[in-house]
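Two complexes come next, and they have one chain in common, subunit A, joined by subunit B in the first and subunit C in the second.
This part shows the complex of A and B:
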């Protein structure tokens, strides 16, 4: 199963909460990410293409991914085992590392 | 015998209540307000003139408007505009802004001036008209490229013919308008003539917008009025790209103590042995997201502003907010932080990114 953030959600994802704007981290997490995770079989991974976007602010990434751990939906270890981040643009290696950091640091 | 009316009795009761509460009568308050306004105009009389016939004031701008090289002389008339508009009573009215003497104007100063005049124009029912006959051609051209004249029902002037510095039309937005950051990037690439580093630019601008949403304005201000402005310019000679972002909020030094990050910020200030002044508060707001491991999931946004500079390896980020100035510089990837106090406040927050764009075909 796959998510392409730029095509399935928005190419300008930004903001933390729904009140910040239409394409917030909270909206991505609750409306798309969590749904797809629940649909993925236990032995399968969820592939997330992260580079069809303008970029990411920390508010969006932390709420989208760290928020899953903070809300008790997943442990950080389980979530990191489930997700695979894909990108062709090498500039997005930085954001993959940030997402992993936010998942690990989420409490 | 004069009969005391009920109205007079109520007036006396109110007056006595005011005195008992330790307050001043309205006449005393009015006298105090007039004295305050008179004192303020005397202190700023070197660039404010009064037209005695109408009792209205004109603010005269200096030859050079540059918030980096000539901050004091540039910010005082800009602040005066806002100050005069804030005097709702006391017979104080703003007649005009005299821009005739300006011979050069920087992009960030143009943006701040445009934002303040936009504010005035809105309060004035959008009836302002620029009188540009005596403006310096460079200033007319720069402001025209910026889109300044679109604030009014006015024909834009021709852009600068020398073309050394190209300016992107300013963008005004509010919370939720992050897609406008993509539009700015597209306009920047047109004037630069090549791709810029999109992800860190969007990262910086989107976080600046999110910060306006969460912190810049008081809670009672509705979302639709939490405005921000941004623009960019590129000098072909020096290959310097400058991006400017401005909000007219309460400023980082005022918003930080009211935020959830105040405890983390205080910890950072104590740990670094800093004084609790405006430059240190801005530094704390930026740095605590990097250094504090106990700040939880919030407070990392201002660190995003630095990434655009780091990616290019040569440039600076400047944050001016109230009386604080924070500057992060990167020269050949060597990072340096400076901060200093400003003699006069900037009313809001101005963020400037400046990077050197390599020539096409040159590897960074």
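This part shows the complex of A and C:
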């Protein structure tokens, strides 16, 4: 199972809440990420391609990924075990590390 | 030593001398090239940080509704962050002798700077101005610039 954020959601993801715009972290989490995660079999992973976008703000990433843990949908460990982040553009290594940090730090 | 031996010895000495000069020149050139690329990366990094400080002040000094074109500044901030960490990674690779302590300090500061500037209600429709974000981020930017300058010119 795969998600390409730039193609399946938006190449200009922005903002934390739906009230900030239709491409917010909350919209990504609730409308796409959580739905795809529920379709992933126990022994499978969800591959997320993160580099077909212009860039991310921490508000978007924290709400999208950390928010899943904060809302009690997954534990940090379970979520990290389920997700694999992919990118071809090495500039996006930074965002992968930040997403993992937000998932680990979410309470 | 007959005349033939003298000629051979002279030729060998000339060849060795020329080769030594070539190697010396080549190594000198490589050192100068490396130094020049490190300086260019340092300039690139400090330009990104200066631009980031300018955009941060412009963005966080007023609330969202008072900005003529917030998307332009937000995109610029995101673009600068997309370039900042890879630029530092290139400098670190090219330099090759940055201590682990300083390397981790710089990487942590870049991560914290990203959280301060693009966190909370960044890109929020009802974002308020936040002077504390300006002072904290400008402090971090100054620290980063000093660390980068010290790596290139002192360490």
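Convention: the second predicted complex is superposed on the first by the 107 of 107 C-alpha atoms of A that agree within 3 Å, B and C clash if a C-alpha of one lies under 4 Å from a C-alpha of the other, contacts with A are read in each partner's own complex, and residues count from 1 in each chain.
The criterion applied here is as follows: a contact is a pair of C-beta atoms (placed from the backbone, for glycine too) under 8 Å apart; a residue touches a chain by one contact, two chains touch by 3 or more.
Computed from a predicted structure; not experimentally measured.
**Q** Assess the superposed three-chain arrangement around subunit A: do subunit B and subunit C clash, or do they fit?
**A** clash
**Q** Between subunit B and subunit C, which one contacts more residues of subunit A in the superposed model?
**A** B
**Q** In the overlaid three-chain picture, which partner chain does A:60 touch, first (subunit B) or second (subunit C), both, or neither?
**A** In the superposition, A:60 touches subunit B and subunit C alike.
**Q** Please work out whether A:39 is in contact with subunit B alone, subunit C alone, both, or neither, and reply first, second, both or neither.
**A** A:39 contacts neither subunit B nor subunit C.
**Q** On the A-aligned overlay, A:90 touches which partner chain: subunit B = first, subunit C = second, or both, or neither?
**A** So A:90 only meets subunit C here.
**Q** Could you tell me if A:20 is touching subunit B, subunit C, both of them or neither one (first, second, both, neither)?
**A** It touches subunit B and subunit C both.
**Q** So, A:101: does it touch subunit B (first), subunit C (second), both, or neither?
**A** Second partner only, subunit C.
**Q** Using the superposition described at the top, list the residues of subunit A that contact subunit B and also contact subunit C.
**A** 14-16, 19-21, 54-60, 62, 91-92, 94
**Q** Which stretch or stretches of subunit A touch subunit C in the complex?
**A** Spelled out, the residues of subunit A in touch with subunit C are 14-17, 19-21, 54-60, 62, 90-94, 97-98, 101.
**Q** Looking at the complex, which residues from subunit C come into contact with subunit A?
**A** 71, 74-75, 77-79, 81-83, 85-86, 110-111, 114-115, 118-126
**Q** Where on subunit B is subunit A touching in the complex?
**A** 175-179, 181-182, 185, 197-203, 206-207, 209-210, 213-214, 223, 289, 296-297, 300-301, 303-304, 307, 311
**Q** Looking at the complex, which residues from subunit A come into contact with subunit B?
**A** 11-12, 14-16, 19-23, 53-60, 62-63, 66-67, 70, 89, 91-92, 94-95, 102, 105-107
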